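We call the chains A, B, C and D, going by the order they appear; numbering starts again at 1 in every chain.
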């Protein structure tokens, strides 16, 4: 019999993942604070619960991918009291990007109720969530990871076991440090190229083939030169992640001199009012400093 | 009849390229300040000249890939007086990484003698030079680019026409900004991961597949965790390039806040005495600041 | 009749302030976790209490200047339960450097018990605490500030009313941003001067008179060139403050690009094991990057 | 008999210094590319020459304080050919802020003609030049320094002998590193204070008294909160100086991580079009990033 899955939170990421779980044949119940967001998934065959407690009742696995640490804490420990609604033997998989300490807090609280827990944040955004091509990095007991793996497969291109609880969350922050770096370097490079009179499209052609190429340059670069900042991964979330990275690096007293500066650029872009645009809008903050725009010729 | 090519300078890059030109059937004459470096290429069938003037006599195309601007200026305008040795109708292709103004200086001086000129620096290092898989970015008259293209093909995976003279040199600096960024981000990320108790090998596994992956992470990352800093592209050359990028960004008053900080890390690594090691040794400067080393477990 | 003052915590700062309060004729009771630290103040005439509760019994004003936020939270809300020991009508003055939110937390908790509260952190270190020449920045109700002012006078060169609760704490962080900047700039400058072959003593002579002079350059500079890093204000506390500044700037999304980089230097110096030395030891981290030392000739 | 002095270049700085030399009783001849700028000094009693050659004829000492290295090179070696106009036994004092290598170039060229040379750049701007309160830092032979000292006295509050030629220029760059740092820190601090709801005037009150106080905070701070960016020292010149500092630190491979970031802020402010405003306008670039303005309440 198909496993019963409760998916809580129908944001941009949750919707895509829940839909793929339905498609994969799981018995999926979803919940969202504002029910409308779940329509599409419900149309595919998911059940709609009115509360987290209702959603998780009888579920084998409970999953969520929320905006930030406070949303997670609010769901688990706050008014929604997910913790109180769970029963011994259930499994929780938190796919949000949060501080590893938040993962550990969840792990401990759940353990006290006999609930097993994985921190399993994802790389990729809207597109990969919808197509089931996320990259998932997982922390928790290895045998639990292996038990849950089949459920992660319809969601992901690859999954990676990183170690005990908190290690999935840690890997996510480590990876996002690189994402931020790639976006910022692309901005500096494309602006310098523009000022130098290079054709931005030709520059992207070079970035597409060399040994420093990266898929992110192709996607973001193409959108940039078309001045398309529609949101796959919101800049405000990238600021949140940059803040988490800074905090994590502070906790470990680990030097991140370039990332520290990159965070300041993201701050500036959010102060400009671009928080709801795509994360690549941080490049617009660099353009402000440069007095030019990168555009297709 | 096969074109006659003079290749001046048998450094790590020049040797690889000259050998590939011999293999491709060109009639190649090489020259190096210290003759020993040319042995291998001569063994393949290249002729050895004792001076640049001797090497370029009768050549259709003259190529060189030197260490820095002053080496180029010294060859062209200094005691070696390449400029004086050339004759109207010859073609010069400078594959060195230099400031675009140096390219323009060459272009103008050559033009006055009826010599046509391309700035054509290359991405890739020792390995790609040897295997003929460089990525070449070219500035100069388009018809000259097209005329020379067949000669560049045995050297390269791709070649890119970037515009008038100086635009090849400019593209090289733009690209190297990204290379520096990636190496630095890899360092910050791997150190943070190490401090967080992640297995470096597992982290590289993640960096190998996500949409922020880059071939550079694979190659440099694998060497890093084995503590292998043997030289493909020397750190001292990366410092030179970082300095060129800073100068170019100064000329254009283009903001490069992260790259500016990254240059300081490279300075520190060179001050530590690692200038002859691979460019990835900049990560060791970050490790000094962190008090940890990234190592395979 | 002289006001009764309880001074809690006999660290480097508390000892100096309590002694000055005794000298000014106040009836002072002190407490410290480890009693030995209070010997000198007790010898001057202060009473020694065994617990915070004992110390504050009957006190008009309760003061403390602790190492960090967690020490404050521990004293007020933790096992020491200062909050429970206080009575309506008493006044608390927190002179620690803490996040403004911690001050607000204290203010609210105290208010519920009828206890009035000032956040009143101090600029200056060991020397100024001992000589009663601190600069005190105060947040809280203005009339309470005026009421407490006479008690602050024996401790300070100047006191400054900054606004409601939390504003004293905020001003402290704003000021420490500048302190960090000056120490770092002094380091960069003295190292550059050393590499340029200037006599460090002559450089300090210039810094002593120009319009960018600052007392901090005189004091720290003189110690630096004698390689004297004995502790007035410990580097580990400066790291704590840099972390507080970063957090506060994050809360307000305020850009601090230079301070962000400076924090990374402080991290490196602490990772080198210099946390117990004077804050000026951050310059040693820059020296590591430079490969030179600044020394008197 | 009073010494004859030729002062070349009647910019904001040269005018003030020439006037003070006239007032001190020297026989002063001035020259400026555009004669109008000299009117005030001529009215005081200076002679006006039509060319540098005319101005320096018979002068004991030749002085100039020009905008940048290229202006100096142009005067000395270019069309104006100061070098050719000088005679053995004359003394040249260059008060411009230039790269130490430019000073060395001048020193060598002059020495070949039997002309003695001091590099003697000045700290202070419009106001100090007018009132004769500059701080002068001098490189060159010590006996020449002592010989020229009486002439520098009417111009300066203090003069400082820094060592052989080039050391005055080096000290100037070292000092300007600190000036840039002070301005940037003031900007970060005042913006953070503004976002924190502190009264900017109260903050300046604190900065006026603590051990991190500096005259620069008083002057620039007061103007800042009145939104007064009228020019004492133009931002475009500060950018020039920041570029010189970066170049000098590159030459010596000396790490300046904070100053490197500060240079990027100055770039941004100049790109905004504020190059002709006061150097403090760099703070407006930080305000852009912050989305607030610092203003008197």
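Heads up, the rule we're going with is that contacts are C-beta pairs under 8 Å (C-beta built on N, C-alpha and C of every residue); 3 or more make two chains touch, one makes a residue touch a chain.
On a predicted model such as this, the values are computed, not experimentally measured, just so you know.
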Any chain that touches subunit B and subunit A: C, D
Farthest chain (mean CA position) relative to subunit C: B
Selected interface, C-D versus B-C, where C-beta contact pairs are more numerous: C-D
Chain centre separation in whole Å, for subunit D relative to subunit B (CA means): 40
Mean-CA-position distance for subunit C and subunit B (Å): 52
Computed distance of Cα centres, subunit D from subunit C, in Å: 37
Per-residue overlap in subunit D, given as positions that touch at least 2 other chains: 253-257, 261, 264, 267-268, 271, 289-290
Interface residues, subunit B side, partner subunit C - complex: 257, 261, 264, 267-268, 271-272, 285, 288-291
Partner subunit D, residues of subunit B touching it in the complex: 239, 243, 246, 250, 253-257, 260-261, 263-264, 267-268, 270-271
Sites on subunit B touched by subunit A in the complex: 100, 123-124, 128, 135, 137, 157-158, 160-163, 167, 170-171, 173-175, 177-179, 181-182, 184-186, 188-189, 191-193, 195-199, 202-203, 205-207, 209-217, 219, 245, 248-249, 252-259, 261-262, 264-265, 286, 289-290
